[in-house]
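Read through the structures below before going on.
Next, two complexes with subunit A in common: one pairs it with subunit B, the other with subunit C.
The block that comes next holds the complex of A and B.
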């Protein structure tokens, strides 16, 4: 779900750059409050690369679809905490420089599409789940909803950018309806990502609970 | 490069982006910092063009700079393949859904002029910007581009992370391929939709995350031993711009401003 160059009006993409620049700066400030901020950099970089690879895989979908990309916005928030937003920006920079995908002028907008769900999920997961017992069902429900809502929210921001800025001569109500319908078309993907996220959290909870924020995932060692 | 000691890892795969970095051309010889600034100004100007009648000018400017950069045309064709899909998926509908002036009616379909020119405008801006971005990053090594960003006040932590992420990307891709092959040999059929397949995929990805995390702990210890965390600032003489570099950037700025003026005032 990337907006390419050439589509958004200048006001919108510069505004998105300012917003995502501010969020990145705020995240870096939170990171810098740690005792040795650079100690966590290799870990965050390794996880960014792992997410980059993981988001390129396809998961099987119910018919009539065959398979779809994982978006992993919610999962990134849960696993990377304050590193999630910078990690997304870095993924987008690499995509632009190395692969020529994604967009230069729209990098800020694309960071908001992925990064907003990541930040919300990071906060929610910390608040709702951090102190639950290890075999708790509620954690898996939150994980499902996190993966599910991550996709829907990313789609909502994506289509708002595109539909809200095209000078198409349809009225506001029709634009909102179109956005809702397009988001609903992502329901199957959202459900699969929800199931995937719950399964992932169940797996990590058994093996390395510290990686999903049950204790801070990325901390200087 | 510079004093940063962790940037010298050997890449097992020659990164695609450095393939044309060592050619010689006026664009290759341009100081990386000034090249980034000059071409970025051009991209900003391209992105703000509102009138489709400027497209021939945009395409001409892009083609001239591409020719000057002496990059192979086959490489550009490859770069433009992905944007072509985007155009096919998003832009092609515009003539049918927006505009008042009817150009053509084909049974139930009407092609409208405003939608057609909007589609042309978006596609033209997209192809030109992608091409300029390819020139911007393709005429320098990846490492040098990041060093230039650092010199332009891009945050150090972010620059470190970009380099490290890039370095790990190849390793993790190779490891993930191995894991997938192993899973397939053990009879995992990723193809069909079932709860079982989803949780097997989740376990694969979970295992990937754990392996990556544990590896990063070892990498960090090794990096500390080699002096990571010491000053990674760029030596002051790493980049040296001459009046030729300023001149090239000035030309780009003049072109960018001219495009903006023509778009706003004349058309």
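The block that comes next holds the complex of A and C.
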């Protein structure tokens, strides 16, 4: 789900840099407005480490699908809120330098592919769950959908970038077919990430609900 | 407060198994091997870095005198293999794009005035070096988490 260097035309990757730069700046501004912007740094650093490693854990698929790797876009959003986009940008820079996974010119595009779903899932999670009681099963369903839809949305944005910028000389039908197969290969990944996110939220709402923006449970006395 | 700190620490336990998984494969990076069979025949072997072939990858060859329009196009076989004949009369840097589903690489070769072909072979970083760099990154990020976490606990203790 990472676009390497040399795939996107200059005008597209430049535009993606501008857009992702603007979103990063806006996210940092929102973080600075918080009462204690440093409070979530440990969580953001841990999640960035997890995101960094996730792209190197691949899930084999039967042919004609290709293997897919973990993405954690939705999980990052549910866990980090406004911290998610800057954390994903840092994770992508590290992945490009250390693993050669993704590219330097395509960093902005990759940030949009993985960071946008994270922000959307974060907003949905907070909007749908924040005021509900922490023991509500609905919270877990939303958490699952957050992890699941994060991957699906990332695949959709990836598809748009690739198919919307195909060079004139390429066999268009073959490339569309290959990209659809690649995106479908991420369906099991979406289920795994949905389950992981739900399990993580289930645990945190009992121990540290504030870490995921939930109100602590009032114990009956 | 104790329970809260326990919750933060337990988040480490959730993410630790992920961090400890060996980074043995970097899904969907590519390993492209160019070769010269009998000049001017160029051979291409295209694999993902998981070892899977880039089955039916598209090959776009751009000649040195026209880098905008493909001079030759083709499709690799299911094992990711392809070959084509260069026109050694066109001197200069040729580029070959190998891609499928948005993954791939652009590789270069040079045709000299006398028709000699030189392939550009990018240096591959050894696996141990990548593993070491990844470990340093993970330790640094966890170090940041630990530092800010302990600062937060100190502030709570003072207030």
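Operating definition for what follows: the second predicted complex is superposed on the first by the 159 of 221 C-alpha atoms of A that agree within 3 Å, B and C clash if a C-alpha of one lies under 4 Å from a C-alpha of the other, contacts with A are read in each partner's own complex, and residues count from 1 in each chain.
Throughout what follows, a residue touches a chain if its C-beta (ideal position, glycine included) is under 8 Å from a C-beta of that chain, and two chains touch if they have at least 3 such contacts.
Remember, predicted model here, so these are calculated numbers, not experimental data.
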item: Which superposed partner A:181 touches (first subunit B, second subunit C, both, neither); value: second
item: First, second, both or neither for A:28, with subunit B first and subunit C second; value: first
item: Touched partner set for A:207, first subunit B, second subunit C, both or neither; value: both
item: Touched partner set for A:50, first subunit B, second subunit C, both or neither; value: both
item: Contacts of A:101 with subunit B and subunit C, given as first, second, both or neither; value: both
item: Partner chain in contact with A:128 - subunit B first, subunit C second, else both or neither; value: neither
item: Which superposed partner A:42 touches (first subunit B, second subunit C, both, neither); value: both
item: Contacts of A:141 with subunit B and subunit C, given as first, second, both or neither; value: neither
item: Which superposed partner A:192 touches (first subunit B, second subunit C, both, neither); value: first
item: Interface residues of subunit A shared between complexes with subunit B and subunit C; value: 4-7, 38-39, 41-43, 45-50, 52-54, 57-58, 63, 67, 94, 97-98, 100-101, 162, 167, 169-170, 200, 203-204, 207-208, 211
item: In the complex, subunit B residues that touch subunit A; value: 15-17, 40, 43-44, 46-48, 79, 82-83, 86, 90, 94, 97-100, 114-115, 118, 122-130, 133-134, 137, 142, 145, 155, 157-158, 160-162, 164-166, 168-169, 171-173, 176, 190-195, 197-199, 201-203, 205-210, 212-213, 215-217, 219-220, 223, 228-229
item: Complex contact set, residues of subunit C against subunit A; value: 3-4, 6-8, 10-12, 14-15, 18-19, 21, 23-30, 48, 50, 52, 55-56, 58, 60, 69-70, 73, 75, 97, 99-106, 125, 130, 133-134, 137-138, 141-142, 144-146, 148-149, 151-152
item: Residues of subunit A defined as touching subunit B within the complex; value: 4-7, 10, 13, 24, 28, 31-32, 36-39, 41-50, 52-54, 57-63, 67, 70, 79, 86-87, 89-91, 93-94, 96-98, 100-101, 103-105, 162, 166-170, 192, 195-197, 199-200, 202-204, 207-208, 211, 221
item: Residues on subunit A engaged by subunit C in the complex (per definition of touch); value: 1-7, 38-39, 41-43, 45-50, 52-58, 63-64, 66-69, 94, 97-101, 158, 161-162, 167, 169-171, 174-175, 178-179, 181-182, 200, 203-204, 207-208, 210-211
